[in-house]
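Per-chain numbering from 1; labels A, B and C assigned in written order.
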Amino acid sequence: MFSAAAAGVGVAVTAWPFIDQMNPSAATQALSTTEVDLTPITPGQQITVMWQGKPTWVRRRTPEEVAQIRAIPNSELKDPQPDQERVQKAEWLVVIGICTHLGCIPNRDNSGEQGGYLCACHGSVYDGSGRIMRGPAPLNLAVPPYAFLSDTLVRIG
Amino acid sequence: MRKIIIAAALTLGTVLPFGAAQASTAGAEPPHVDFSFDGLFGTFDRNQLKRGFQVYKEVCSSCHSLKLLAYRNLKDPGGPEFTEDEAKALAAEAQIPTLDDAGEPTTRKGTLADHFAYQTTPQEHATLKGAYGSIPPDLSLMAKGREHGPVYIHALISVGYEHEAPEGVTIPAGGNYNSIFPGGVIAMPKPLSDGQVAYAEKEIPQTVDQYAKDVSAFLMWVAEPKLEARHRLGFGVILFLGIMGVLFFLSYRRVWRNVDH
Amino acid sequence: MASGPSTYTPSNGLMRWLDARLPIVRFANDNLLTFPTPKNLNYSYTFGAILLYCLVIQIVTGIVLAMHFVPNAALAFNSVEYIMRDVNYGWLLRYIHMNGASFFFIAVYVHILRGLYYGSYKDPREVLWILGVIIFLLMMATGFLGYTLPWSQMSLWGANVITNLLGALLGTDFTQWLWGGFSVDNPTLQRFFSLHYLLPFVILGVSVLHIWALHHVGNSNPTGIDPKGPQDTVPLMPYYTAKYFFVITVFTIFFAFVVFYAPNLFGHVDHYVEGNPLKTPAHIAPEWYLGAFYAMLRAMDFNFLFIDSKLLGVLTMLGAIGILFIVPWLDTSKVRSANYRPVYWWCFWIFVADYAMLSWAGLQPAGVILLQTGVGADGAPTGFSITHLSQIGTAYYFAFFIIIMPLLGLFETPRALPESIAQAVLGKKRGGGAAAPAGAAAAPESRV
């Protein structure tokens, strides 16, 4: 009985390395989160960082932009979601810069009303919160999980 | 037998009525073009491939690469079949990025082993991306990587640009309307115009339609360089299997001749 | 292994010596040469042999392709094109392997449907059937893994969709374990290649068990009644081997036609676009042979009790495969063959049509409206869509197994069975057709 239990433990312990080897390796783990230093970003400016292989935007919005964005009524949106739910701090927008239509990378479009984004591939227009305004894309730009480690440091992932 | 027919009709009847359904975001149906490589015995027209190569070289190649095509392929059987010297001369025109002995970037003359990958430097990538918003796609497999293949390519670069954008379609800055392209808005400006490429064969019309046909045929060869070998071998294989099938059928009947079954 | 006593007599001293130590010649004799096979098997019974042939083709072409393929996310797509362009006869080997998968599934579907039609899963062939369902599952897994290897747009996003589905059931930790990362990436490709190489040999192993089970209980046959003696059977060699040579050749003609003249018939154009994790294709479709299961998955666009639609879809898809395991116990009819079951006959063919329809629906974009009845608030057409069609198809799929099979056996009146295979064969020869001679209208046998 004890021998059988011992054998069972032995088998389980031996099996573990064979199962665990499939988990993300140390090299992959190292890229699972990205820390972004916010100090060099001036108001109105945006940087692109790579997070888990996806281009991720960190944008410092001006109070005027935020006011304009928050003035858009939910009824005008295809995928209604208030800006407040999409950001942790009104000043900082963190979104994944991949168009939800066919995955092109939209560009900053300063000609637009709210300093939004235009996807050149098929003409989807997003506002300054990454919400879809017009065009074929069905959903707002995705917001990755992130946390402010301090006022000037954010960790994405 | 009657039952089998009913069953087959039942199966097909459920599926066929819906066969015509189409996705709504697709572009317009490209008009049909007859190509020499269609059909079971189709082969490429060598002169057409050479003309198509000329159009690619003079027009498309300024933005689009053909990473899977090497200069040596230009002399391969079943392709445009340039002579070895012609292929070498064409290769030598290319400036291939490399490093000199001091590690500084420089260029060298191309050889037969080099590929048609012009836009390989980061600077060239950045220039194209700035101009068009994205890097123009590699064309090596375009004739197999799109619905309707060469027929689509022909329509896209010829008739696609002939229509004005319909009411309600807004064209963003830097975009062009193309009725064939899915979504209708394409970054590529109209690439071809009549008389743009001077063919050596004077009897061939120098029109957008002809250029588009020739370059589409060329791209089909680039995408499927073994097409002729495949068509040829297939004929022999199926003929052999047919004869073998008859022989096996006769021996099967002979084995069973005395058994009720 | 073979049913019935062995007929092998070693011909000389050396063979007697070997037979006493490793009776391999006896084994081959009993299973490949003298194995008694019902003499009334029609062409639908040859697909087992065809499947073995397909497996050998896939293993042989796969091994040589693996000599050139590079399982690396940056190189895989180009290495496939290298095979197509630069490796001697690489295009041929690759097209055989690629289309071989489709023909493998064509053959397996005929084989499975033949089993359903003739009740080949009934006592005493339950284990034989279950082993077959396991092979079918392994084939689907192998097909899916192989589909990801060229690392095309379709490969990458197909892998994404399917692994995310498993995530719906088992959670993110599971998907990350499966991926070896945070998305489908290089580690995923490498392990998929390893498993794609492994699974065919597992299939081969289970096939041996499948054939062992078959040779232990003997073939079923179109009448569904057991052979009563030598007058009902013929030895496998040369009768059925001759037939196999013929049908395999005919099968190969169809196969060769596709390989040489329509090699991309079953494929999707996005298989010729290199995978790009930043760009989702407009329409992600599985290979045709998995279309029905994909349609059932997408048909579940509603929540049921506390189960959300995504999980419900996954459960439906898994249930559609899982239900095959208990088919032998769902069917309550004592009569095996649908030839003698007039109502089941119709239900069966509607099932075939239903499965074909689902396979088709699974390849279409989900939102396509088939019959427009109106216009929605946003101006888009509304009406009967692919999803609705898939829902009807899914309902019949399950109803066939859990309602029709158990109930029909209780209420259906089967036609009279012939007394023996030999008699059925003679009846047919006299032009009697399905109606057996008057004398044969006896009560169904005790164990049919």
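Going forward, a contact is a pair of C-beta atoms (placed from the backbone, for glycine too) under 8 Å apart; a residue touches a chain by one contact, two chains touch by 3 or more.
These numbers were taken from a predicted model, which means no experiment stands behind them.
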### Query
Which chain has its Cα centroid closest to the overall Cα centroid?
C
### Query
Which interface, named by its two chains, has the most contact pairs?
B-C
### Whole-Å gap between the CA centroids of chain A and chain B
38
### Query
Centre to centre, by mean C-alpha position, how many angstrom separate chain A and chain C?
42
## Note on the structure
Multi-chain contacts in chain B, i.e. residues touching at least two other chains, fall at 25
### Message
If I count partner chains per residue in chain A, which residues reach a count of at least 2?
### Response
104-105
## Note on the structure
Touching two or more other chains in chain C are residues 282
### Summary
Counting only contacts in the complex, chain B reaches chain C at residues 3, 6-7, 10-11, 13-15, 18, 21-25, 40, 68, 73, 140-141, 144-147, 149, 182, 223, 225-226, 229-231, 233-235, 237-238, 241-242, 244-245, 248-249, 251-252, 255-256, 259-261
### Message
Please output the residues of chain B touching chain A within their complex, sorted ascending.
### Response
25, 133-134, 170-172, 174-175, 183, 185, 187
### Summary
Interface with chain B, chain C side, in the complex: residues 39-40, 78, 81, 84-85, 91-92, 95, 234, 238-239, 242-243, 245-246, 249-250, 252-253, 256-257, 259-261, 263-264, 269-270, 272-273, 282-283, 345, 349-350, 352-354, 356-357, 360, 364-365, 368, 370, 386, 389, 422, 425-426, 429
### Contact set on chain A toward chain B in their complex
104-105, 107, 118, 120-123, 136
### Residue numbers on chain C that touch chain A, as the complex places them
176-183, 185, 187, 191, 276-282
